[in-house]
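Okay, got some structures for you below.
Here come two complexes built around chain A, the first alongside chain B, the second alongside chain C.
Now for the complex of A and B:
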């Protein structure tokens, strides 16, 4: 070793005030010079070093997140929101898989049905399933009897309504994405293959409103049952299986969505103290 | 008594035709208050109200000076509250760390580093630092109980509501729990329910005995034991006048009730006082 850095250079390096050229040169030298390494060590701010080490240890020690959480983080969702979503029963791999299977099956039935697929029972089944899956997903996303930490969550300062909305948006978004993919399997992609969208939004919001009165699962059952009755009775009345999904039905759902948003805003405080329990 | 932090005045609650609380009242301040009573006494209903998750049908409740019926005041209470329900639920796919971290997020701890430090602190407090990365479904019942206790300690709350925290803990873990709670009770309010009279005797300077939705007793454990003064005696068999009697490990019968003249009176315990107050129902429950 032919040279050593002087104390001033080492201190400037340790305090990050040395210019880049000299810093790179010094770093190359430090790899092989124990005496200069010790000099840097003495010049470094101990408290800052300890803090940095604690931060590294904290990251290394923290257990790796599960697959759902990793996926959410990869989508750019913030870590604490990703953890809130990872605890959502209807965002588990098993639920998403079951949803994809059901949508895929009904979409496949439409694609292989003979005659006029637009009028077929298979198409009605696809639209009904696509509209109701988000309702079921939101019903089991948060609430008494479905979220094991519901009671502790209720006693925490995070507003239950906020948590519910975060989860409902995630569930709805996932369901819509899956149903959209499944709809592409329907031959010719007729407009009616997207006719589940407004019903799914309307029914989900109606379920949330009903959840301020009864448990979410009960609310979903009542809303879904009523919807099934409407679809069936409309079909028999005008001899058209798709009647509930056509123009007039879509207009009704715009009204239901608007009304539900207003009611939900007015009733949101009901989620904060064991409502629906 | 110190400044009141929990004021319960004439609280009533019914579930359909079943009356859970019948106008119960008491006031307490910093320190540990034990709620003692048999199943169905209304302890859990009362604790759920103190945890702001259940509203009373009638009566007044003030926690840390705030009224939980008012949304803003309820939020203020929740920011200073730690709560362990009687049957804590878990997301079993989470690890112990992830679970407590999840609850910490619900408690508005958004900064990741500070939150993770706090999660490590509470897990270490309950002796779970070695299993932080283990899935909850792989933890024993006692470990899960400690996990539920750990989440209640997040953020060092001013008001700690613990519903049967020692159920399912082994004696060593129970001692550790007593140590943790007593260390933190000097300037904080801890309300815990239990069936264990020894927990009350060891931990609580104040005890409220409940039965059928009412308060039967409110005082110190010594005063509770004194309820049975001169009313506990040992005999070779169950005494005819005893209200309660059971055979002890050394073969003698411990009798509670109006002692006959010349009876071999013994020093009463907290359990004796409790049993005398709540009667045969509690004895049957303890035997079960």
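Now for the complex of A and C:
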């Protein structure tokens, strides 16, 4: 470096009283001269810089978002919603993987089972599983004991009910998407491979309503148990494994969905006190 | 790579790329002060300057790998800082610092010699430019901004940046002829 700026110039620059032309040459010089950079920098308030560093450190030390959260952000979902969804136990990669595995297995067993897929036990198994997965997902999406952010959620300015709905929609969305993919693996694609859709909606909503009375896990257990009972008893009564999924059953689920929506709206205040605790 | 307080900027930046928080702190201590001052000459709102400095070092933390080792680290940091400022001003325009009063400073002959550039005719010619024309020269020549970036920084249309730059060039050419 052939020259350095003198103390007076540095001071004038730091106090913003140096004329433009001198400031230009000093600024060009500063980019390549550490000594002069330090010289002007000494005039800057240390306490303010330390405070600013704390703000930077807070961003730098924040945990990096996981793959689910990054994916959600890439989809244009707002940051705080993405964080809430990513903290949902039933939206973790492991849970999604388990669902995909179970659906894939049952769908595979349908496609390799003997006789017509229409009557097979494997098909009943696939439909039952596809309808119950979102129920299980919702059960562990929210509530004390399973949700790592449960206490945080209670104390947060967002309503618990809204949080539950956001997560339930996300859980339903992923489960339905996975089940749809699995259903396409069943050869012939008979209408029955979509027959799980209304039951899964109805059962999930019924679980949400029941969670206003008892813990979500308990609610899901009761709803799933009832559902399994209905499927088997209907199958034995009319000697048709798919009885519960046929026309009449579907009509019942439309009714259950409508009733659950009404009940859920009426019971929403139960969430604000902490469901079933 | 272990960093020390006397590691050079490029070494620190390499360590930052490997998520070394101490290296970022050292870089911050070296570069935040002059960055604050240089940004303050281009934006009169200290709150915005602070935000921009914060954004800049967060960007350095996230993008340290993008420094290709060409040129000075200070110039690289300035490139990030000025563009963050422009982004910020595009969303929330802020006043540009007044240059009134700066020109009244009497410069000693000794300083003239030390600072080099303005020792010659160019300094005198630049000084004779109106503040509006000088601001455009500063943004496009000194800060190396594009016409579009300069228009955002100065809060004037791109066409105005171009015409002022042409006028400034003409006046400088005449003064130096």
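Note that the second predicted complex is superposed on the first by the 213 of 277 C-alpha atoms of A that agree within 3 Å, B and C clash if a C-alpha of one lies under 4 Å from a C-alpha of the other, contacts with A are read in each partner's own complex, and residues count from 1 in each chain.
The working rule: contacts are C-beta pairs under 8 Å (C-beta built on N, C-alpha and C of every residue); 3 or more make two chains touch, one makes a residue touch a chain.
Just so we're clear, the structure is a prediction, and the values are computed from it rather than from any experiment.
**Student:** Please indicate which partner A:269 is in contact with in the superposed arrangement: first for chain B, second for chain C, both, or neither.
**Tutor:** first
**Student:** Who does A:87 touch here: chain B (first), chain C (second), both, or neither?
**Tutor:** first
**Student:** On the A-aligned overlay, A:40 touches which partner chain: chain B = first, chain C = second, or both, or neither?
**Tutor:** Second partner only.
**Student:** Once the shared chain is lined up, is A:31 touching chain B (first), chain C (second), both, or neither of them?
**Tutor:** Second partner only.
**Student:** Using the touch definition from the top, say if A:55 reaches chain B (first), chain C (second), both or neither.
**Tutor:** both
**Student:** Of chain B and chain C, which one touches more of chain A's residues?
**Tutor:** C
**Student:** Is A:163 in contact with chain B, with chain C, with both, or with neither (first, second, both, neither)?
**Tutor:** So A:163 only meets chain B here.
**Student:** Identify the partner contact of A:12: answer first if only chain B is touched, second if only chain C is, both if each is, neither if none is.
**Tutor:** second
**Student:** Quick check on my understanding: which residues of chain A belong to both its chain B contact set and its chain C contact set?
**Tutor:** Comparing the two interfaces on chain A, one with chain B and one with chain C, the shared residues are 55, 61.
**Student:** Inside the complex, what are the residues of chain A that reach chain B?
**Tutor:** 55, 58, 61-63, 65-66, 79-80, 83-84, 86-87, 92, 147-159, 163, 269, 272-274, 277
**Student:** Under the stated contact criterion, what part of chain B meets chain A in this complex?
**Tutor:** Listed in rising order, the residues are 48, 51-55, 68, 71, 74-75, 78-79, 81, 83-85, 88-95, 97-98, 101-103, 105-108, 110, 112-113, 115-117, 120, 132-133, 151, 161.
**Student:** For chain A, which residues count as touching chain C in their complex?
**Tutor:** The contact residues of chain A facing chain C are 3, 5-6, 8-9, 12-14, 16-28, 30-32, 34, 37-38, 40-44, 48-49, 52-53, 55-57, 59-61.
**Student:** Across the complex, what residues on chain C touch chain A?
**Tutor:** Chain C reaches chain A through residues 21, 24-25, 28-34, 36-38, 40-41, 50, 53-54, 57-58, 61, 72, 74-75, 78, 97, 99, 101-105, 107, 110-111, 114-118, 123, 126-127, 131, 134, 138, 142.
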